[in-house]
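Look at the two complexes coming up: subunit A is in both, with subunit B in one and subunit C in the other.
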Partner chain A sequence: MLGAVFVLWAAATITFFAVRAVPGDPAETIIGGPGSQAGEEALAAARAEYGLDLPLWEQYLRYLGGLLSGDLGTSYALRAPVTEVIGEQLPGTLALALTALLLGWALALLLVRQAARGGRVSRVLGTIMEVTAAALPHFWLGAVLILVFATTLGWLPSVSTPDLPGLILPALTLAIPLAGFLGQVMRESADDALASTFALSARARGESPAGLFWRHVLRHAVLPAASLSGWAFGTLISGAVIVETLFARPGLGRTLFLAVQGRDVPVVTGTVLVVALAYVLITFAGDLLEMLVDPRRRRV
Partner chain B sequence: MTRLDDGTSGIGAASDTTTHASRRLLRVQSSPSRHRPLRRAAVGATAIGALLLAACSGGTGTGSEAEGPVEGGTLVYASGDAEPTCLDPHVGGNYPQALVATQYLEQLTALDENREPVPWLAESWELAEDGLALDVTVRDDVTFTDGTPLTSEAVAANIAHLQDPETGSSTGYLALEKVEDVEEVDERTARIHLSEPDSALLENLAMPWLAIQSPAALERGMEENCAAPVGTGPFTVSEWNRQESIVLERNEEYTSPDPAAENTGPARLERIEWRFIPEAATRYSALASGEVHVIDNAQPDAISRAAEDDAIAHIDAPRPGASNRIELNAGQAPFDDDRVRTAFIRAAAVDEGIESLFFGTAERSYSALSSIERHVHADPAPFGTDLEEAAALLDEAGWTAGDDGVRTKDGERLTLRFPVSTNQSIPAEISLFEQIQAAVAEAGFDVQIQQLDLASWYEALAKNEYELVSAPYTRTGPDVLRVLYHSDGIEPAPSGYFANHAQLDDPQLDELLDEAARTEDETERGQLYRQAQEIILGGHYILPLYDQQNHFLHRAGLHGVRTLAVSTPTFVDAWLED
Partner chain C sequence: MSDSHGQRSRPPEEAPEAPPADMRLPTGPNRATETGRDGALPAWRRMLRRIRLVELASAVILLLFVAAAVAPGLLAPGSPLAVNPVDAFQPPSWAHPFGTDESGRDVYTRVVHGARPSLLIGVAATAIGLVLALVLGAAAGLGPRWLDFTAGRVTEVFFAFPGILLALLLIALTGPSPVVATIAVGLSVAPGYARIIGGEFRRVRQAGYVEAAVLLGHGWWRRFTGHILPNALGSVFVLATLGLGQTIVWASALSFLGLGTPPPAAEWGAMLAAGRTYLEVAPWLTIAPGTAIVLAATAATLLGRSLEQRVRES
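Our next item is the complex of A and B:
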């Protein structure tokens, strides 16, 4: 718990100072973007309104104070509370990330199951597929999926729409590399489990290969992958920055991208903080899942 | 296209069932349509803003086109520009705002095919003898979409709004520099008082950044007005789902189409869905699969691909104002020496680069002004390439060849810092800069390209840390030359912004530009601008590349798209085949 608070504080502090270290006058962003021909008066008024005329340490303390009361500040560019901006964009990104996470798991299980069932050839093939999938960059993969499924086949829209068909391509773009990674992790434990004595005894009891896999091996295979889901979720959020921009899908990733480009400091810090919070929560959920799967953990 | 149209054509049909059904029957018989790609035909043709474009001017004469416009439907527009933070183009004033505002706001004047100001919301105008007062009479049959009538008071309120520092207008504010105040002579006539004669005013009033909005709506305050400005245009802002789309609904009471419009009443399209799709490849793919009807910021590769697709038409509408050019900072060494500037231009071969990187979609420019402007003077002579001459000039200027190929003088290397804004330069342009970098290296220049985001780029300029820069500038009329090359433009605004990036400081040029801006006689004005351009081109302060590229691609089933004063598309005449 204390660790979680520390992580959040560190994330808030690092982003606060990092975004202030970059060049550019935030007052100009407020007035109308870089290159604005705003007068000195208008700039001064904007600085005063957003407290930018205060010393840095005072700005920092005010910012922390605001955080404690749940206030993330006001967006320079959108002129709306950051909590509201994030609140609007969060559901879309969560839907995307969770769908991708589920899809990623499903694909990974399929891969591992396939490899566990087949002989040496399918095993090698499975490994190649996993390594390749894990290495695919989101940007390239998304572009290829658009080219195949939207432009050529016309099955799915290339621009993400709020309905289910619009979610498939962006989610797949995130899920495929994730599946490759999860598959690699699961495989190793699955192999160990298959070679272990309990698998042998189960087989001796007359357990079918499918039953052996789903009832006995899977638990062991899933464990390391489950504990990595927190990390996986994080990669999904950072992947969302690319995928949401590519598919023109509204969400937190695109908000973050635009905010960084536009030097919208409160939105950047707010988004980073929310993502950090999500990391913490997901890691916690991953721990819970581990306990569910592994009875040994429950006794501790 | 079918997916979207199926959802909407029903609405259009409901209003006019019988004719719609019979049209549909005809259309079935007349298929298949045979639209020809009109890329070449469209190039240059759009210099005339009023021209009917692409599919319409092609005259391939498919049945459905011959039948005339279809009523109804939702047009989906995909913009690659950044989403505006305020839909009122008075606030700030950039191109993305102008693109969308063209659909719901209108101006006092329009520009005809010769770029001459013609009446739009203003019915007529009269300039005082001394050139210090302009009486503008507005039409008496126009009402803003909130019910407020268009009067002289609206003109006064809009100019006051643009000049109010609280509004934060930059483009509109600059265009009204010489306006002192506005007097309401009667219900329909506003007298604009000027501090000195302004021959660019009527041209400037045609820009969307000086659009006329409902005075009652302006009074609502910045926040509300930014979310939904109220004008007299063919559409109104109905919804704005940030980061996703702006929904524009047809103005059913519309009475004020621009002078070049074919349509006299409300638009044919019922609704426009204005989406933001930042990624160029996705945008093109959405157009190719028919998810959207129009895309802007079409990239050279997409344009050349579209030329092979009969279902897609192309509009090439270069922006007015300045050409795209590289400016040489003459305010400091080494470019304060004319010989070094000349040597750079002699070494910088750009023609092949433009041809190959832009797939033939951009034509080489030899002018400081956009090719669509009045009084444009193009001269290839100062821009010839000759490596030997470049070397000789540099030798003469005291820059001697160093060990690593880079010339030096008094221990200083011949380094040229070139900050490039990745927001303003498309990938093809950045590649072109890299080719120039390689070409001038042969003569001993060490060009250092720095790719920067917009804020860092402005900062590099404000700190005078550049020898080369390329900055777009859109404006109507040749007076843009005064903004860009008058020595007043070297003095930065409090934000650090300045427009004279070449830091051209020539009293004779200043005098010509000031005089031209005061001269109402068009012939005389043209002569002054010609002399000014001769100084700018002959002094090797700039390396013109091409017009500001502004390409639209649309489904061939969309007809009647035209572009207005700053080359933004209007859909007042547009209709969709279904």
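Our next item is the complex of A and C:
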């Protein structure tokens, strides 16, 4: 718990000082970029409005105090509190990420099950499929899915709509590479488990191949993948930046991208900090899940 | 990242014969099946031949890309920036194998010439990530407890900026450029490498041969260079090849967002970004550079996995 608080504090501090360490006057960005040729008075007003004229330590303390009370600052471009901006965009991205997560796990399980059942050829094919899937860039996969299912077949919309059909292509785009990674990780330990003596003894007791997989091997396969849930969340969020941009889907990722493009620093740092918080929470949940699946870890 | 091809077919009771007493102390449940030195098994040799095919294919693909990066003129004599508006949006044909783009530039030439910037960013980012990770990993895996603790916390904090978020933060602060994108991607991949390398150092340090070296009175530097580093280096090398695929993809993702290499240049991600607008009228603008990225990334990953197996065997 203390470690998590430390990570969050360090993340906030690094972000704060990184912002200050970069040359350039934030006030100019607030007014409208370096080309705006704003008057000195307007710049001073902007500095005062955002507290940029205070000494650094006071800015830092105010910033930390703000974070504790849930204040992430004010967007330069949107002139709205960052928490409000994020709150508006979060549900869409959460729906996308959760759908992708479920799809990814389902696909990965399918791959691993198939590889555990099949012979050598299907194993090699499975490896190649997993590696290729894991290497597929979101922007390319998304474009191909649009071409096949939207342009050619016309089954699904190419621009994401809020309803279910609009969710399918973006979620698939996120899920397929994730499934490749999860599949690789799971199959490795599934192989180890299949080759182990407990698998042999289970077979000797008359366990069917399917029963062996679902009852005995799966637990071992899921473990390393569960410990990666924080990481999986990270890829989903960075994937969301690309997928939401590609499918013109409103959400946190697209907001972050637009903020990076417009150098709207408070939105960027705010989003990054919210993601850091979510990452810490999800890692914690992943540890719990691991303990749930692995009785060996409960005794400690 | 191992895969234990062929070892599954081996009856479990044969396993204890394989490890020579000096080398292989099982250090965990996952290590139990990774005992090498069973080259005599015909099933294993059959498997090896299959792996070589994968290796060969990935090596050939990678070599082609490297050739394109070193001497693009040999594979595509034309200029990647030569504009010919009359020929805009030509579909793939004999004259233009991958078609032409909105200004009539030959996409094949651009893909070939794009190999250099795209691979360079990937290699440089991987190198940055590995160097950082080696320092952090050595501190965590070999240093005294306080150093291990510090390195662990630093890695943890890095981890809290998952994926390309750290890169996006950096770019938001400094403005988009290929150099920033490279450094940013390198920083983003470092914590993952650091954790793996740290674990590897820790595992190797506890191995029997290191203990033996301690008992023989070897100093820490000799233990490090003679035993720990060579045994951990295999995994570092594998990480580098495996990581290369990842960094190429991430760097091109940044370019795709318009935050890396700017569009007129022939770089795969930038080409994708430019082609995206015409996805429905000229899909080859997206497919060609995208396939180059997928091929390079997949080949690097497959080769890395295959090499890892060889490292384990020897």
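Everything that follows uses one rule, which is that the second predicted complex is superposed on the first by the 288 of 300 C-alpha atoms of A that agree within 3 Å, B and C clash if a C-alpha of one lies under 4 Å from a C-alpha of the other, contacts with A are read in each partner's own complex, and residues count from 1 in each chain.
The working rule: a contact is a pair of C-beta atoms (placed from the backbone, for glycine too) under 8 Å apart; a residue touches a chain by one contact, two chains touch by 3 or more.
Please read these numbers as outputs of a predicted model, since none were measured by experiment.
The partner that reaches more residues of subunit A, of the two candidates subunit B and subunit C, is C. When both complexes are overlaid on chain A, the residue A:Ala77 reaches subunit B alone and has no touch with subunit C. In the superposed model, A:Leu258 lies in contact with subunit B only, and not with subunit C. When the shared chain is aligned, subunit B and subunit C each come close enough to touch A:Leu246.
Applying the stated contact rule after C-alpha superposition, one finds that A:Ala143 touches each of subunit B and subunit C. In the superposition on chain A, A:Leu292 makes contact with neither subunit B nor subunit C.
When the shared chain is aligned, no partner comes close enough to touch A:Leu61: not subunit B, not subunit C.
Of the two partner chains placed by the overlay, only subunit C lies in contact with A:Ser238; subunit B stays clear of it. In the superposition on chain A, A:Ala195 makes contact with subunit C only, not with subunit B. Using the contact criterion defined above for the overlaid structures, shared-chain residue A:Thr151 touches subunit B and also reaches subunit C. Residues 22, 143, 146-147, 151, 158, 245-246, 261, 263 of subunit A contact both subunit B in one complex and subunit C in the other.
The touching residues of subunit C, counted against subunit A in their complex, run 1-5, 7-8, 10, 12, 29-30, 32-33, 47, 50, 54, 153, 156-157, 159-166, 168-175, 192, 245, 249, 252-253, 256-259, 272, 276, 279-280, 283, 286-287, 290-291, 293-294, 297-298, 301-302, 305.
If you check the complex, the residues on subunit A that touch subunit B are 22-25, 28-29, 31-43, 77-79, 88-89, 143, 146-147, 150-151, 154, 157-159, 245-248, 250, 254-255, 258, 261-263. Residues 3, 78, 82-83, 85, 91-92, 94, 165-166, 168, 170, 173-174, 223, 241-244, 275-279, 281-283, 285-286, 288-289, 291-292, 423, 453-459, 493-497 of subunit B are the ones that touch subunit A when the two sit in their complex. Interface of subunit A with subunit C (complex): residues 3, 6-8, 10-11, 14-15, 18-19, 22, 120, 123-124, 127-128, 131-132, 134-140, 143-144, 146-147, 151, 158, 184, 187-189, 191-192, 194-197, 200, 230-231, 233-235, 237-239, 241-242, 245-246, 256-257, 259-261, 263-265, 268-269, 272, 275-276, 279-280, 283.
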